[in-house]
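I am attaching a structure below and will ask some questions about it afterwards.
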Amino acid sequence: MEATRWLTARFRARYAETDQMGVVYHSHYFVWFEVGRAEWCRQRGIAYRDMEREGGIYIVVAEAHCRYKAPARYDDEIEVRTCLRAVRKRVLVFGYEIYRTSDQTLLAEGETTHVIAGRDGRPRSLPERYRRLFEQVVA
Amino acid sequence: MEATRWLTARFRARYAETDQMGVVYHSHYFVWFEVGRAEWCRQRGIAYRDMEREGGIYIVVAEAHCRYKAPARYDDEIEVRTCLRAVRKRVLVFGYEIYRTSDQTLLAEGETTHVIAGRDGRPRSLPERYRRLFEQVVA
Amino acid sequence: MEATRWLTARFRARYAETDQMGVVYHSHYFVWFEVGRAEWCRQRGIAYRDMEREGGIYIVVAEAHCRYKAPARYDDEIEVRTCLRAVRKRVLVFGYEIYRTSDQTLLAEGETTHVIAGRDGRPRSLPERYRRLFEQVVA
Amino acid sequence: MEATRWLTARFRARYAETDQMGVVYHSHYFVWFEVGRAEWCRQRGIAYRDMEREGGIYIVVAEAHCRYKAPARYDDEIEVRTCLRAVRKRVLVFGYEIYRTSDQTLLAEGETTHVIAGRDGRPRSLPERYRRLFEQVVA
């Protein structure tokens, strides 16, 4: 599959997310990636919550990477743009770009790789019906 | 029962826990209370992890309170002193004091009230064998 | 002054905010209170960010309290309703109610008390122009 | 310079760090890397806190990467092994391995790249006396 187009989630940087340098602490960008991923799924009609609850399908983080370009500050409106880079039988790869809305500065970009697991935590294949949902979004 | 004596957990304030005021963000004190509570249990021979896993007993937070006296700063060694204030059939109350080790400044004090719940999230009584473990620690 | 009417902030519970009980971990409610407080200020024309940056006025948490009624779960849309309960020369008191939007269940209620401090961390009076901004919002 | 030998920090996984999959949420590993980094500095006689406060030297995260191998669980004793992989005029690279103490399972490995900045947030060179402190640790 080719990468999907980018979908956007928006929210404000929280005071709790800043550190004593006066900027958002770097680990929170990975939480923001997750917010982007959830929004990507929601806009594509995939309820990750139900995949876990009803399908017993867990999307587990296997690898995470972020490159920081410019600091996010308290109360900045943040845009997380998310795309699906790859779907394979047992693997999903998402890409992210984080922007400050006000001046469209690119703050960070990153990627997460996920493996599909069942309730027991063991790797398994993404069931066909979910796989179609992820794949249909391409193009 | 009377309140138990205080038991102490020690660790350093993390950079991730500071905010842009240059001090530890206030919500983290409730995480520190939990670290104190876990250590209190461990020192008393109660493995909370096993209570959940094997006993299906969950200690759910019903109320939490903290009074902040002085700021904690990055890399301060922190002492959380924890005591059990009350054990009832379905309720536990813990008290906390947080100190900076270096000068023994009292940074905060607080209290959490917990209800006992089962795997289904419903309130239940603390089983007798666990209750004895909590009560024996008095005096 | 009398308490102001409630203003509302809305967002979704994040995966990162859940714990192994399958519900939102209790300390995050205090972060949610802060989101509500920031939104309350914004809707009233008070930019807390600028108070800090330009005015050198810091609103420091002196006391925090939360009573938990029902669990918040991943992806729930959350409403934080915030009101200002008291304004004094050096003290602000905010009240909060947290609801799940879908069924309007009250999940938690709480209160935070704040003291005004300057850049040096010392208590000071809320400057007249800011005090008017907070007080005007009453009624 | 060649990479330094590994130094170890130890602590327990906190309840607040777990998520609804019953394992430690992935973004916390980056906080654990920071705990490892702080401990590495402390054992080498470098007080990062003082570098910031007195030297006005900030070590800013420019890139972060983690590969997850096995889940960490609540109350696991965790070991973060940290080494300095590179020191250049304006760049530091740290490597990490995270183990569960009890069975020495490798849970994750990662790397962070940092740039040196001054109080104004602008890149600057690491002052000679600090550079020597980092470099002396090699071999």
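A few remarks follow.
As written, the chain order gives the labels A, B, C and D, with residue 1 at the start of each chain.
The definition used in the following text is that a contact is a pair of C-beta atoms (placed from the backbone, for glycine too) under 8 Å apart; a residue touches a chain by one contact, two chains touch by 3 or more.
Predicted, not measured: the structure shown is a model, and the values here were computed from it.
The chains that touch both chain A and chain D are B, C. The greatest centre-to-centre distance from chain D, using averaged C-alpha positions, is reached by C. Chain centres here are Cα averages; for chain A and chain B they lie 33 Å apart. Distance between chain centres (mean CA atoms), chain B to chain C: 24 Å.
Per-chain Cα centroids separate chain B from chain D by 28 Å. For chain B, the set of residues that touch two or more other chains comprises 15-16, 20-21, 23, 27, 31, 34, 74.
Residues 20-21, 26-28, 30-31, 34, 52, 58, 60-68, 71, 121 of chain C are the ones that touch chain B when the two sit in their complex.
Within the complex, the chain B residues that touch chain D are 11-12, 14-16, 31, 34-35, 38, 47-49, 73-75. Considering their complex, residues 15-16, 18-23, 25, 27, 74 of chain D touch chain C.
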